[in-house]
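Okay, so chain A shows up in both of these, paired with chain B first and chain C after.
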Partner chain A sequence: MIKKRTRRTWTHASLHLAMLAVSFCMLLPFYWVLKTSLTGENIFVYPPSIVPVHPHLFYYIDVWYYIPFPRYLLNSVVVSVLSIAANVVFNALAAYALTRHFRGRGAVITVLLSCMMIPFQTTIVPAYLITAKLGLLDSYLGLALPTFSTIVCIFVYKASFEAVPRSLIDAARIDGLSELQIIRRIMLPLSTSAVATNIVLSFIWSWNNFLWPLIVVRDPLMQTLPLGLSRFLSYHENTTGALYAFCIMVLAPGILLFLMAQKEFIRGLTSGATKG
Partner chain B sequence: MRSTFLRILRHRFVAVPLLIVVAVLGWNAYVVTHNDGIVRGVVLGPDGRPLAGATVTMMEQNFTTNSDRGKTMTRADGAFEFTDNRSHNIQLRAEKPGVGRSGLVVVRLYFRAQDVTLREPLRVTKPAG
Partner chain C sequence: MATAVDFPAASEATSGAVGKRARHARPGVRRRREMLLVWVFLLPSLAVFFLYRILPLVWNAVLSAQQFSLFAPSQWIGLDHYREMVDDPVFWTSLRNTLLFMASAPVGILLALAISLIVNAGIRGRDVYRTIVFLSYPLMTVAVGIIWRWMYDEKVGLFNYVLRSLHLIDTPLPFLQSFELALPSVLIANVWQILGFYMIILLAGLQGIPQNLYEAASIDGASPRQQFFRITLPLLRPSLFLAFVIGIMTSFTSFDLVYVMTQGGPSHQSELLITYIYKAAFELSRIDYAAALTIVQFALLVTLTWAGNRLAGGDAGAVESGA
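What follows is the complex of A and B.
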């Protein structure tokens, strides 16, 4: 009995050690970026210092003042908020439809799954032409439009909606609720993990989006943070500290949102993965 | 009712953004009350005593360039003051004909026009040779 327990303890300890080693490998680049943003140390310095030497925040202040960072931040926030709101609503509507039985449902699901394999780069010309026809170039709506609905997020909702007991929906319908009210009052409150997953994924995709804003934006004041970062790179190649500080400032909101919602995010991604 | 409100307030999706908003508002309040652009300091001569009549030049530093932002003279006690700094990254140099000049001192500030009193004096030294 004691032998069995000792073996289990050793297994747990070695598992944790392995996980610590993997975590260390994954976090090391982030640590290095953070350290360089605080010291400005050239990344080619040998031997590299592991601990930051004379750290300070002035590179962050340089980034804030030397480029229109607050404006880029505002643009990114507005576009992300639009994208999140649209994803939460539109994906829920699409997913609810896919949980209903109708003729051609299988074909619709097949088409959606097939579309996931088409990279955005191949559809960028028609997307640009449509946005231009709508008169949305150089606008927040135009920037957010292609990220309004994502197929992965539709399936995250679908998996979560399918876990809601059928009897509950039937009871709601008998009580006189319309389909939209069923989504709003029954499905969404019971699928908070799927909502969180939608929020996190749509935020990260929209926040890090580079190619679409690069094509659709002409006005420098409408640029988002990733565009600002590339512009910053082309202007100031030799400012290592400020460049890394900029990277941290771009990454921080996404990391913060993920850390806040990680429990719901993982639950949302894994719901529907197992039956029963 | 009160417990529900407290529960919502303690939720991380409410508490974290709220804390960020409070921190930003607090920082902005501090900035507004400390951004008159005042830069104070003292210039010492080669003998280590306050140097009167020295010219102190303030330069604004950008990523790649330095631009002259103004000059002022030290008083009898060696003290000087600029009241129109609008940058967060400045450089100062003191000089007096016949006495010498100081090295370029970089002053980094946490926000534009931050009021600052230099902890270290500008030391004017005789030119070498």
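What follows is the complex of A and C.
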């Protein structure tokens, strides 16, 4: 008969072992691409070496010569900033409205929840026609417009706004603040983590967006980073380590932001989750 | 909604009473202005959703019954596109693949359930494990596709190297160029990326289960296994349902992965409906046929969500009342 204490230790050890195996599988692709970007040696050599031999940063510089990297970066940044700004403002306005009672509120919430069930990808064909009709093909606005407001983020704001004490808002109103001022001076400062969630989520979504730019962008100068990446792949296949250096450069901002704001990110996803 | 107090006079609100009486006392002009303001605030968001969700959905249905041309007015042709689909082998292949993609969701969810149970068991370093498992989710899918493509590479890919070193195979496997292996290879990459998201949802669900239920159960002598099947699993149903919905939605969102890894090839063997929709609309310029394909996939999504909801006990939609 094993003592209870020892059995507990054993259980924990096996749990750790399982999680280490999982972590290994999850991290392996990162390691492999990082290694290739630093050496590129196993592009032509078999067997590949497991540890990097003679690592260098040559490929990271090479990327700048293969493609107009700064231009792609600029496009991606502009589109992301537009999307973030719009999300932070529009979602806050909508969420503030939803904390009120008004006729049709239930209907609006139902519409929002139903819209969550329409994946953006199902809309691509008409969305392309609409954007073309608006004359926004090949433009920053056209790239960012569909991501200007996100339902999940509205609900994140709404939950946060509802936690603001009613008396505070009433006091502000008596002091003569307009509704816009109440949002700007009271709601938003008291909801910093909801703002952070909005920023993080809208950044990740617009930064990673591929299908939409693929459809609305024809002009080579308007390509965003994911498009540049896929073009790079179709031009050069995997003949150069620069492709993998490019991958790392594109992934880095997302990973860094995620590691810094993990809490906000997860809260956003799960609160969207519990809201249907 | 208990927390949202009606647009009230200050005294009413602080005393906790909903300001019904106050509303009557107030001049109607102010009330109307407030109503107007509410709609003005809602307008930008609703406009975006109307323009890029609702209108496209309707327009898809209209387009699918039309002969669309850029240069001539569209003509009604009824269900011709759907009839064409029946005889379109690529449609059937992509439908099968989409269903397989959806079917891979429960596998991933099961894996994520095991992981979240371990992480939730209070082992040391749980936050680190959680971060590692979740790290792949926020990544740019195009880059993920390129990374996996590289690992699947026939000549110098990691998988072929490992399999050859272990003498499991003699000749390298062309994972992404093979009829049988292309789709499963993409599926694995997809599970790798989405696993962390499932885990986060299930963890949130697990943490929502009141701890005293377990205490009461162990006092009553319930074994861990009984506790799992009688408490954890039933109370986790809404989270499992949600993970399932997200899983079947990845059959749409995995466009990026398929596009980068296989382009739907070889000869459409890893084609999904969404990649076929894209090709039909933007490579073959058959916007109308693509719209019909979209309607089919959307119908599939709604049907499966409904069925999943029934399986989850029919109350998974009840979270809406909390919104």
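The rule is simple: the second predicted complex is superposed on the first by the 226 of 276 C-alpha atoms of A that agree within 3 Å, B and C clash if a C-alpha of one lies under 4 Å from a C-alpha of the other, contacts with A are read in each partner's own complex, and residues count from 1 in each chain.
Note that a contact is a pair of C-beta atoms (placed from the backbone, for glycine too) under 8 Å apart; a residue touches a chain by one contact, two chains touch by 3 or more.
A quick note: this is a predicted structure, and the numbers were derived from the prediction, not measured.
Student: Given the touch rule stated above, what does A:Val152 touch, chain B (first), chain C (second), both, or neither?
Tutor: So A:Val152 meets neither chain B nor chain C here.
Student: Of the partners chain B and chain C, which touch A:Phe258 in the superposed model: first, second, both, neither?
Tutor: second
Student: After lining up the shared chain so the two structures overlap, which partner does A:Tyr66 touch, if you call chain B first and chain C second: first, second, both or neither?
Tutor: First partner only.
Student: Quick one: is A:Cys115 in contact with chain B, with chain C, with both, or with neither? Answer first, second, both or neither.
Tutor: It touches chain C, and chain B stays clear.
Student: Between chain B (first) and chain C (second), which does A:His56 come into contact with in this model arrangement: first, second, both, or neither?
Tutor: Touch status of A:His56: first partner only.
Student: Applying the document's definition of touching, compare chain B and chain C: which contacts more of chain A?
Tutor: In the superposed model, C touches more residues of chain A.
Student: Considering only touches as defined above, state whether A:Val77 meets chain B (first), chain C (second), both or neither.
Tutor: neither
Student: So in the superposed three-chain picture, is A:Thr239 touching just chain B, just chain C, both, or none of them (first/second/both/neither)?
Tutor: First partner only.
Student: Name the contact category of A:Val164: first (chain B only), second (chain C only), both, or neither.
Tutor: neither
Student: Kindly list the residues of chain A that each of chain B and chain C touches, one partner per complex.
Tutor: Correct list for chain A: none, the interfaces share no residue.
Student: Spell out the residues on chain C that touch chain A in their complex, using ranges where they run on.
Tutor: Touching chain A from chain C are residues 3-10, 13-14, 34-35, 37-39, 41-42, 44-46, 48-49, 51-57, 59-60, 63, 114-115, 118-119, 121, 123-125, 129, 131-136, 138-144, 146-151, 153, 155-156, 158, 161, 165, 192, 195-197, 200-201, 204, 239, 242, 249, 252-253, 255-256, 259-260, 274, 277-278, 281-282, 287, 290-291, 294, 297-298, 301-302, 305, 317, 319-320, 322-323.
Student: Please output the residues of chain A touching chain B within their complex, sorted ascending.
Tutor: Residues 56-58, 61-62, 65-66, 235-236, 239, 242, 256, 260-261 of chain A touch chain B in their complex.
Student: Touching chain A in the complex: which residues of chain B?
Tutor: By the definition above, chain B touches chain A via 12-13, 16, 62-64, 88-89, 108-112.
Student: Spell out the residues on chain A that touch chain C in their complex, using ranges where they run on.
Tutor: 12, 15-16, 18-19, 22-23, 25-30, 32-33, 36, 42-48, 86, 89-91, 93-94, 96-103, 108-113, 115, 117-130, 145-146, 148-149, 151, 154-155, 158, 162-163, 166-167, 170-171, 173-174, 179, 204, 207-208, 210-211, 214-215, 225-226, 229-230, 233, 238, 243-244, 247, 250-251, 254-255, 257-259, 262, 265-266, 269-270, 273-276
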